[in-house]
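Below you'll find a set of structures to go through.
Across the two complexes that follow, subunit A remains constant while its partner is subunit B and subsequently subunit C.
Up next is the complex of A and B:
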């Protein structure tokens, strides 16, 4: 097999604020023609830097200290600038990660596509007419299963769904039929069913056209679906590489082993079943409906039906999971439980008395601790706010803060730290401490781990379980990540288009899902073993297509 | 889309009426309760009490303020803004004569601000933290901090010392017999009637006052353009284009510039208010004889009708300018136009 990409002993460092930090240490790997390779790593592992080094889009403060990248026998670092530029988008290209932010919002989709094609054509020395380019672009759009290229071409980015935009990003990478496709976590920002479709599409395109694929991801389930060979990176070092089968069945490095262990299983002996609570109900929703009214000068808006016919009972001490994709109404339900929104009709009852000084029964932990903590305030100042509301005096607040940090397993000296000094997991612990400060009985967890790496995810979830036992809390967790819910929730409900379509214990739902949407959702979860894959519920393409209409533009 | 735009405009027109009502009531009352009797100002210190009282009755000043206001509004909606006690002519005629001069000055100022500030903002953003950026930063600071009348006087000094033939007073050389109308904007009228000599002369006249007026706007808009460019150039969408080898020039001047122009344009609308305020002083320094100098005389002489008209028309222009900018911004950013609300 011919070697296409050959990275040898690559060392790269970043400098800034007078410091130099090495981010890649002696990275060596290759991608052969027609091969599909996955590069696995968590935040800060250097996987994106590696991709940028290949593409030639390293930021200005990056220095290539030593090493080489060969592409079809050419040494990329020794090419002249125009020669290097000529390769972009034509010899290799990238599928960008985040479809929502990868288009300039004030230009039409077609403008992006046309400019990329026009300049690549020009560098190749084969300019095409505007009409010629357009027909080539349409052809590529059809190839990524966008059935109405005319509409896509003329659409503004915000008019397309995330899945459609991700398809356009794939089309962008395929405009000049490159030999090597680099995919940077494609679809991770999207719903799981959409992500599944995107991965299937990439895989089929790669196989059909005989392309080579370098997939960058942190999701081991995605790796199992798409890779022949696996590279594992940690802190800028290559810790393991080998064929998929070998790495997954007998990982050599401790890091790979811990990564595998941190993936929540869906089926099999390692699955945890949380006991169902038989205590008194603490949250009861009866026939809840919520309509968001629109206000207009001419239009007496009929409003948007966010949730409808919701009946939920959560018993004390339970971990209730509300699963669904974006727009399904799960956040609206959570807000009504928090008493932040009034239902349009139906009743929301939260029973129980708040503890002595607390104003309310429930608190919330948000999805992204990077944005839910004020970057200009220290941990002490962050925790001070709820404690002041509790009416504590200064020494008591201080004592309580130390207690809270101990509860979430952070050292007491973290009080003086600012959010940017903390890792993602540590920040989420602070956010949990803040929620606990007001002594709630119920904590609403809004995608509590989706911004975190898998290994960190696990430790945060373990912490939450312990806190529930020691403090007698009840959790309502909102998430689209069913694999997390499988092991963490005592009961789950699946929401689809404003309604609950399935409910029960996770075990029941995963074994005997009735609604096709639930089955599509579960089958879309990337798993890491064939044994689990075999136990997933089946869903026909016809059923699946019912839920994916919006992503292909037909 | 058309419906949304129409809705925006209608909504805005309703708010214009409200603003005009509050503004007019405020100024009307304020002007009448501050010390100083307009009738006495007109007649001078030698007039008798009876003469003053007679004029007060004639001007309607003896009536309750509310009655006076209702009478004023009743006439104003029919285009009668009353008599000026300084020029002894209908205020509407004065405005028609003086307004175009100021309008011309402000329009040229806006053009100068955009022509200088936007490229400078892009340049300093591209060369962030280099000497180019520092020089740009220094000039922005100077522009924002130094009051415009100082620039006005300074420019006159420069002209007087180094370019003695450069005109520093008035709008145009009177010997040229400049065309009168149809727009009242000399630069446009002279072009329309093919008088290139007048056009050249008027351009010379307007350059320095407009420059003095533009300085603070240049300072602000440069900084805002710079930070918008810097903010946007590290976004994913810029990275996308770079990854596919779209030249940096296209990324900057096509993609980033359009996206980054929304913020400076919005600020431009607000800047309009301070520009009108500064025009009051700059026009005096350059003997511009526009609407602002007319307003200044009205304030000093307690010319109530003229004052009302000046304030209301300034307010109207401010609102109108911002409406235009909202429409332009809506044309630039489809999210505002098609979806409503900020993205």
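Up next is the complex of A and C:
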């Protein structure tokens, strides 16, 4: 096999604020022609910097200290600037990560595509008319399974769903038939079923056209689906590389082992079944319906049906999971449980007596700890708010703060820190401590780990389980991550288009899912072993198209 | 390569680093500090502190700059250098008076409109828009004519209009902050509206407010000079940059120093505040 990309001893450092920090240490790897390679690493491991070095889009404060990147025998760092530019989009191109922010909202989709094509044509000296370019663009759009290229071409970015936009981004990368496709976490911003479709598409494109693929991801399940060979990075070092089978069945480095262990299993002996609680119900929703009314002069009475016919009973001490994709109504249900929203019809009963002085029975832990902690307030100030309301005097508040930080396994000196000094996992612990400070009986967890790395996710979930046992809490968790819920929840309900389509213990749901949407959802979860893959429920293409077309929108 | 020492980067250090990289900003800070120091020490550093009063020295009138009178003397024989330094006092008093009232008022109104919404929002934004439609100079001249043309009234006139800019700015920031999760989290934890406005939202507006206020200081100095040039400033013989330019104007071009010194002083202070404001903007990473 011919070597296409050859990275040798690459050292890159960033400078800022008068000091330099090395971010890549002696990175060496190669990608052969037609090979699919996955680069795995968590936040800050240097995987995106590696991709940028290959593409030649490093930021201005980055310095290449030593090493080389070879492409088809050319040394990229020795090429002249126009030669280097000419490679972009033709020798290699990148599939952007975020389909929502990668388009300029004031230009039509076609303009984005045509601009890229026109400039690449000019660099390569290909003469083509606007009409010729359009037909080539249409051809590429059909390749990414957008069946109506005319409509896509003339659409505005906001008119397309996330999945369709991700497809257009793939088309952008494919316009000039590159030899190497670099995909930076494709589809991670999308729902799991959409992500699944996108990965299938990328894989089929790569196989059909014999392209090489460098997939950058933190999701090991995605890696198993798309890679021949795996590279694992940690803190700017390459800690392991080898064929997929070998790395997944017998990982050598401790880091790879810990990554594998942190992935929540769907099936098999390692799955945890949370015991079902038989205590009295604490939350009861009966025939709940919520319609968001449009406020306007001429639209009186019209509205958007967010949730419909919801019946849920959550017993005290239970971990109840509400799963669904974006727009399914799960957040609306959670907000009604929190008493932040009134149902349009039906009843929401939250029984139980609040602790003395507590403002309310329930508290919430938000999805993104980056936005749920005020950047201008220290941990001490953040925790002070609920404690003050509990009516504690100053020394009592201080003692309670230290107690809370110890509960969430943070050192007491973190009290003086500000959110930007904390890592994602530490921030989420502070958010949990804030929720606990108000002494709730119920905590609503809104995608509590989706903004965190896998290994951090695991420790946060373990902490939450411990807290439930020691403090006697009830959790309602809303998430789209079924693999997490499988191991964490005592009962789950699946929501689809405003309704609950399936409910039961995770074990029942995963073994004998009745509704085709549930089966499609489960089968779309990327897993890390063939044994688990084999136990997933099967979905016929007919069922998939019935329930997923509306989402992926192709 | 030089391996960096893993010393902690504090927020203050990073801000100072960004600020000090901007050389123009450092110059601005030096200018502003020099103006403040000169103003504070005016009676001790100026050669003829008594020349701010109604001193008349006809033997020395219209004297060209020399070793004794660095910027020459004016039509009454008073030292222009002394009067220019003291003239800063009036300008700075105007800055403190106008911004000291209009910035807090604007910030509180803007925050309330953005946070409470509903009728509070409608009334405050409506009022802001109406006030923004009035040209400040016309307002100042009108008030000066109806009441008495003096510094206090000029200050009132400018203050009446100036808060609108801050209200609008803070309103826009508050609207985006109000929907953040941490505001809802604070409410769920039992925080009062006062706490949310002043402890949660305000700290997030401080950067933008201080940049705007610094840039405003330059405007207010210019505006005050314009008003006193037109005769709506302080009463003579108190030295004031705008009226000094107006007085010296009739002796141009022969007695150029009488206009140039106060004119340059206005330019100097305005430039200083503008450069400093730009530097603060870099430091806080504020997008305009």
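Note that in this section the second predicted complex is superposed on the first by the 545 of 554 C-alpha atoms of A that agree within 3 Å, B and C clash if a C-alpha of one lies under 4 Å from a C-alpha of the other, contacts with A are read in each partner's own complex, and residues count from 1 in each chain.
Throughout what follows, a residue touches a chain if its C-beta (ideal position, glycine included) is under 8 Å from a C-beta of that chain, and two chains touch if they have at least 3 such contacts.
What you are looking at is a predicted structure, and each value in this text was computed from that prediction instead of being measured.
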Q) Of the two partner chains, subunit B (first) and subunit C (second), which one does A:72 touch, if any: first, second, both, or neither? A) neither
Q. Looking at the overlay, what does A:228 touch: subunit B (first), subunit C (second), both, or neither?
A. neither
(Q) Between subunit B and subunit C, whom does A:103 touch in the aligned arrangement: first, second, both, or neither? (A) first
(Q) With both complexes overlaid on chain A, does A:94 touch subunit B (first), subunit C (second), both or neither? (A) first
(Q) Just checking: does A:112 make contact with subunit B only, subunit C only, both, or neither of them? Give me first, second, both or neither. (A) first
Q. So, A:57: does it touch subunit B (first), subunit C (second), both, or neither?
A. first
Q. What is the contact status of A:120 with respect to subunit B (first) and subunit C (second): first, second, both, or neither?
A. first
**Q.** Touching residues (chain side subunit B, partner subunit A) in the complex
**A.** 3, 7, 10-11, 235-247, 250, 254-256, 258-259, 262, 332-335, 338-339, 343
**Q.** Contact footprint of subunit B on subunit A as seen in their complex
**A.** 55, 57, 85-86, 88-89, 93-94, 96-98, 101-107, 112, 115-116, 119-120, 123, 156, 158-159, 169, 172, 296-298
Q: Using the touch rule from the top, collect the residues of subunit C that touch subunit A in their complex.
A: 1-5, 9, 11, 13-14, 17, 180-182, 184-186, 188-191, 195, 199-200, 203-204, 206
Q. Tell me, which parts of subunit A touch subunit C in their complex?
A. 11, 13, 17-22, 65, 338, 340, 359-360, 363-364, 366, 368, 371-377, 381, 385-386, 388-390, 418, 420, 431, 434, 437-438
